[in-house]
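Shared between the two complexes below is subunit A, which has subunit B as its partner in the first and subunit C in the second.
Up next, the complex of A and B:
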């Protein structure tokens, strides 16, 4: 692999893919509501995901209020608390993060960034959104059924998930949760197939896989993983639904409930855990890989420097994706398993640290000697690196069996996964919204409001989750409604809990600033123009901003160089768009 | 395709060996050079569906090896009483034969589709759908027989309760796939018969032009459903 600074852009390859036939909307309904345009679908996905995410945000406030002031809020009883925890986790992981990264950013960015007119099957893509919306509605309906939503924890472990001791177990709650997940998976599959095929088969001329922006690589790999991981959750949901509705015993051992021997017997609760985590661990990377990809592009654009080690970054994404399918049982160290399995899964888990560390080094090396612009997207990208490294390092603790066993089910775990797959990806989402909002709406987001939002969110989330490590090391358990008179928890832990809660209220409130900014800038924001960040990738080269249906006007774009030609010596500007054909303008593209 | 611009391939010297494979796969515009969008999408869907069936079968095998109660003997349970004696697995053998035959008619339909012989194509697709419906019908008979013998998802007269649960779940899920396949076979067969693919008539929902390739994509799904049956047959009935 040799870097050729003075290499010239290669010639146009012949067209292999015919220009696609677009669906032309015939009425207001098919243009704005039942639209087959990926960009409209993306906005629909994003707005739905953010709306349901706000519900989860409020739930987290309620949980924190109970933890800081136990017994003070009479309406939060133990059952409610478990329902809040469950719904908060499930919404955040699946209905917000997965839907927003893949359905939102995937739909908007994939066709634009690879130079396609739209997704390959716009009709299936549209169905994907409407089925997702149905899944969200079923989820919300769960709040209003008798007994309320399920309180089984987001992992839904049987047998407790379907027994009467758990809120919603013998009521409707668990049924709505499982149905909603099944519907979500069906809807996601329709969209996911579109994203994958668009990347594989629908790129513009000259857009080789190794010229794609890392954003597309991240979303693409995550989607492939989702298509292979969601089936396990689908199967687990179907089987648990049967256990609950038909009285089968897939996951149910012989069990006594309220002094009564149940009809179940011979099932394996551990089987559910295996199925769940075969989905659950890749899910972490389904959320993380798009974030990795997007942050790479944010850093490169706003540091005006090519991403360091592009090919290595691509391979790291692919390797992380592949490895994440063979680490799932590290979530089950305390469930009991053969010690040799523990060794195997600990080893594979720790191996993932290698490609992940490569990525972190490459981000930092991209910044090194870059022309860093501390724009809002850049600030969020930097905050992501810091938060992600912190959350990733505690992952090394938890990946080891002997360290994990005492830390398991403590606040340490909560702190770890919130930093690494909660806050870190959310920071990237914010950065990405500040970065691409000008393309979606044609106007910039307000900078002052953005800075208020950034500093409160970044410092605030640190103030929330950093002390939680300490609580966890003290042995404060997670998922406890209240600690009561517990000898090993010192008073300092209680005051820390109050501090965390106040910070959580602050950070939540800061998100209202962000939402206000989104709405306010829609009409009052500064006009952005086509390429406000002076970026190289294709979505900034569209003839109109916001891009029209079909994205590219009469002719599809032709790609002559990679996505990272920033500050190339000898070039007239500090960025060279991917569509720049002139052969005398050098490229920094690495040729195999 | 007719353009005279030099291609990537002619211009640059491509690397050899493993690097060449990567370079080929990651080259312009499409990774799978001969696959259309629809075909690629079906293949990737089938990969995802493989994981669904894989999870179902692995879950069933786990249940079977971990249950403390003996598993019912499939060759007795699935025997039919014919001519005064029990013939083990006879119904399943016939079902399997029917389904595998339907793969044959499907493959012929694809062939005649590409020759643009629309009547023969439509007839062969109808034959495939008929064989598929026969399969589902026999499955319904099998379910009825087992239910009348007292097999339920939660219990059965012979042993582990998971037998009934797994049986109804897995064959039910596969039967649903076959049923959906039959419905889509009928839809595509109607389009073939009407000549939609000869006139490139646009789809009602998608407004895409129709092509005979739809027959092949339908075939991919159908062969997949057959292949899955082979695994269900091996792991559920023969084990």
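Up next, the complex of A and C:
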């Protein structure tokens, strides 16, 4: 730790690049629809992602109804059930979580938090959103083509994904799914390059990398990972399209399809799994790292205390990002790959638990001797820690190769990944929306509605997924349309299924309260002012709220201190904005 | 205060649920009790960490919640504490990983005296093949599969002529003898899964995958498919019976060899 001597900060010259007239939008269309303003693009991303996420929510209700009351709802037949689980998974992972964290929060927060006027390539940024929208529309179109969407499971494993025993395999469903993914990746790449270059090149004066808020670190690292991981999915999609349409055999060995010998030969289904999980595992952290970053800032701001161990937190993000590229085959322990790989991948997987655990310790140690305001963002952050720790610890079962053998492909896995990469990041998303909604709209979200939403969501999801682990331990397989008569499954397991379904209906209904709050507070919420949480980071120091196009008015901000000068001894207030020159109250940031 | 109470209740409630849960693993019927042991070790370590973290958090919320005039401490980092925690975590991780890897070594090392048993899967049916008198399975491949030869045996390979073929029926294995399960699929991915054996493995067209186990008690167990294989996935069931040696011999003598099946000209249906 060093104290930066008073006076040295005044050596930083004022920004030289003045606001330029030519880039402001000239019409309603270019201001609100084909906008190049990252903040508008962020809202477009968020609204689209939330809309398609609602479809996934309804799909989850339908599949839960089938599991609780098998055969009771005639329209949920096996075809539809598998289509529902497939689309639910794909929408949640890619079209909701990835798009919302990177396209939504990334676009809104990166330029504001690093002190830039916008993303460095605003036009490509705009294209990124519209291409994402096309990907979503192709995905939705899949519901209306003959045969319906694919029912291959979100992992789309060949050969099953392109054969007739699977919904959409020989019809259009799989083609729409693969096309939509390809388009999504093209759009994401345009946005992703923007986020990376903006963080590296667009920071305000004084905003060193080790002064950036952890939110930016999380989103930045996740974006770098996504740019490296998505190409694997991209080629896998293209190769499967070739197999399906042109008769190539990348993933297709000799196969007898319903008694007919096919022309394919020599391909490897496992090759697809390697490509898929080389994308798929980093994808887990592409969703998790932005959540890690955001929740760090929520905890720090609302506990009025600097994040504990900032440097360790940054390095943990970077190390987790790097390690996550060498753990992918832990999804494939029982895939039939050479079992000796198990030694390597179990070791790397359990090693990744160490930097992850450090993050958890530092979050709870930030609470220690803090001044904890139990605001909604703080409540969601606490709920996140509980849920994430629970889901992360069950990852130690599944990552440890031999323990995975009995649990793999059971409901234990479903419970684990919903806890760790479903519910946990979504709790952060909610906390983040309650935190930044005042900046986006100028008004606070309603507190009472927020508490109703919080308690039902937190306790409801825990009641859904915690007991579900025990169904998996019992041996109940995942992706079963119906369990039927199975000797080892006691009737009580069926009662548990009904309980889980009722909880799922409740939790889903609570989200309607949240949506109502979003709309209602837009015009009726309490006026927020520029910095309602008394936070230090740059986005709260904009001259207008909501920030205007260009963010900063005439002069760009100059940064004099790190993002976590909360409760600095001797300071009159319990926070010092990053723009506050150090000559009055020196920062006590740690320097890398 | 509600927050503190609920956090503590949630941590303790999870422990109580774990202890009282009627949903627990099926009674084991194979030699893989080591897997169960490793799982229990993992439960103890992770359960302790979970309760500790949640209770610590609840205490922080109780002790340091905002009251007028409060001010947070200013402590950017504490190298010693951070490294201590990291080292402690590494020890815990090693305590789970080490026994896990030892057992995995056993899992992937097939004993020499294990009897080969082939399982062939298709949408949505289990078939089996046992070596005949020569103790060896003949060559087989998907290209040879036809209505008359549903498992795709190579008729040029003499070793296969005495193989015992069970199409869509029950598999029997003798108790106490290690079994080398050789897994094949002729169409899509499947997974041979018997919860009581604890072991499972995917079956992949174009490859032979494997695992091994020793059945440790007699009984009838259900085979489930554990890898999504299309709309019939949840109906793809089979039966494996673990027999005493004498019962096993009696059953085996009633089964037909490949040669007998071909000679009888019995039309083989593949559904």
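Definition applied: the second predicted complex is superposed on the first by the 568 of 592 C-alpha atoms of A that agree within 3 Å, B and C clash if a C-alpha of one lies under 4 Å from a C-alpha of the other, contacts with A are read in each partner's own complex, and residues count from 1 in each chain.
Quick note on the criterion: contacts are C-beta pairs under 8 Å (C-beta built on N, C-alpha and C of every residue); 3 or more make two chains touch, one makes a residue touch a chain.
The shown structure was predicted, so the numbers you read here are calculated from the model rather than taken from an experiment.
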### Message
One more residue to check, A:112. First (subunit B), second (subunit C), both or neither?
### Response
neither
### Query
Where does A:267 make contact in the superposed view: on subunit B (first), on subunit C (second), on both, or on neither?
both
### subunit B versus subunit C as contact partner of A:351, first or second or both or neither
second
### Query
Should A:471 be classified as contacting the first partner (subunit B), the second (subunit C), both, or neither?
second
### Message
Between subunit C and subunit B, which one touches more residues of subunit A when both complexes sit on the common chain A?
### Response
C
### Task
Using the touch definition from the top, say if A:250 reaches subunit B (first), subunit C (second), both or neither.
first
### Query
If you stack the two complexes on chain A, which partner ends up touching A:238: first (subunit B), second (subunit C), both, or neither?
first
### Query
Between subunit B and subunit C, which residues of subunit A are contacted by each of them?
265-268
### Message
Looking at the complex, which residues from subunit A come into contact with subunit C?
### Response
1, 78-79, 82, 151-153, 157, 159-160, 163, 165-167, 169, 253-259, 261, 265-270, 303-306, 308-312, 334-336, 339-340, 342-343, 346-347, 350-351, 353-354, 357-358, 360-362, 364-365, 367-374, 379, 382, 385-386, 389-390, 393-394, 396-397, 400-403, 405-406, 408-410, 459, 462, 466-467, 470-471, 473-475, 477, 479-484, 486-488, 490, 492-493, 496, 564, 566-569, 574, 588-590
### Query
Touching subunit B in the complex: which residues of subunit A?
10-17, 21, 23-24, 120-123, 189, 192-194, 196-197, 200-210, 227-228, 230-232, 234-236, 238-239, 242, 246-250, 263, 265-268, 271, 274-275, 278, 592
### Task
Going by the contact rule at the top, pick out the subunit C residues touching subunit A in the complex.
3, 6-7, 10, 14, 17, 21-26, 32, 34-35, 38-39, 42, 45-46, 49-50, 53-54, 56-57, 60-61, 64-66, 70-78, 81-82, 85-86, 89-90, 93, 96-97, 100-101, 103-105, 107-108, 122-124, 141-143, 145, 147, 183, 186-189, 191, 193, 195-196, 198-207, 209, 222, 224-235, 270
### Message
Touching residues of subunit B toward subunit A in the complex: what are they?
### Response
1, 3, 5-8, 11-12, 15, 19, 22-23, 25-33, 35-38, 40-41, 44-45, 47-49, 51-52, 54-56, 59, 62-63, 66-69, 153-154, 160-162, 164-165, 169, 173, 205-209
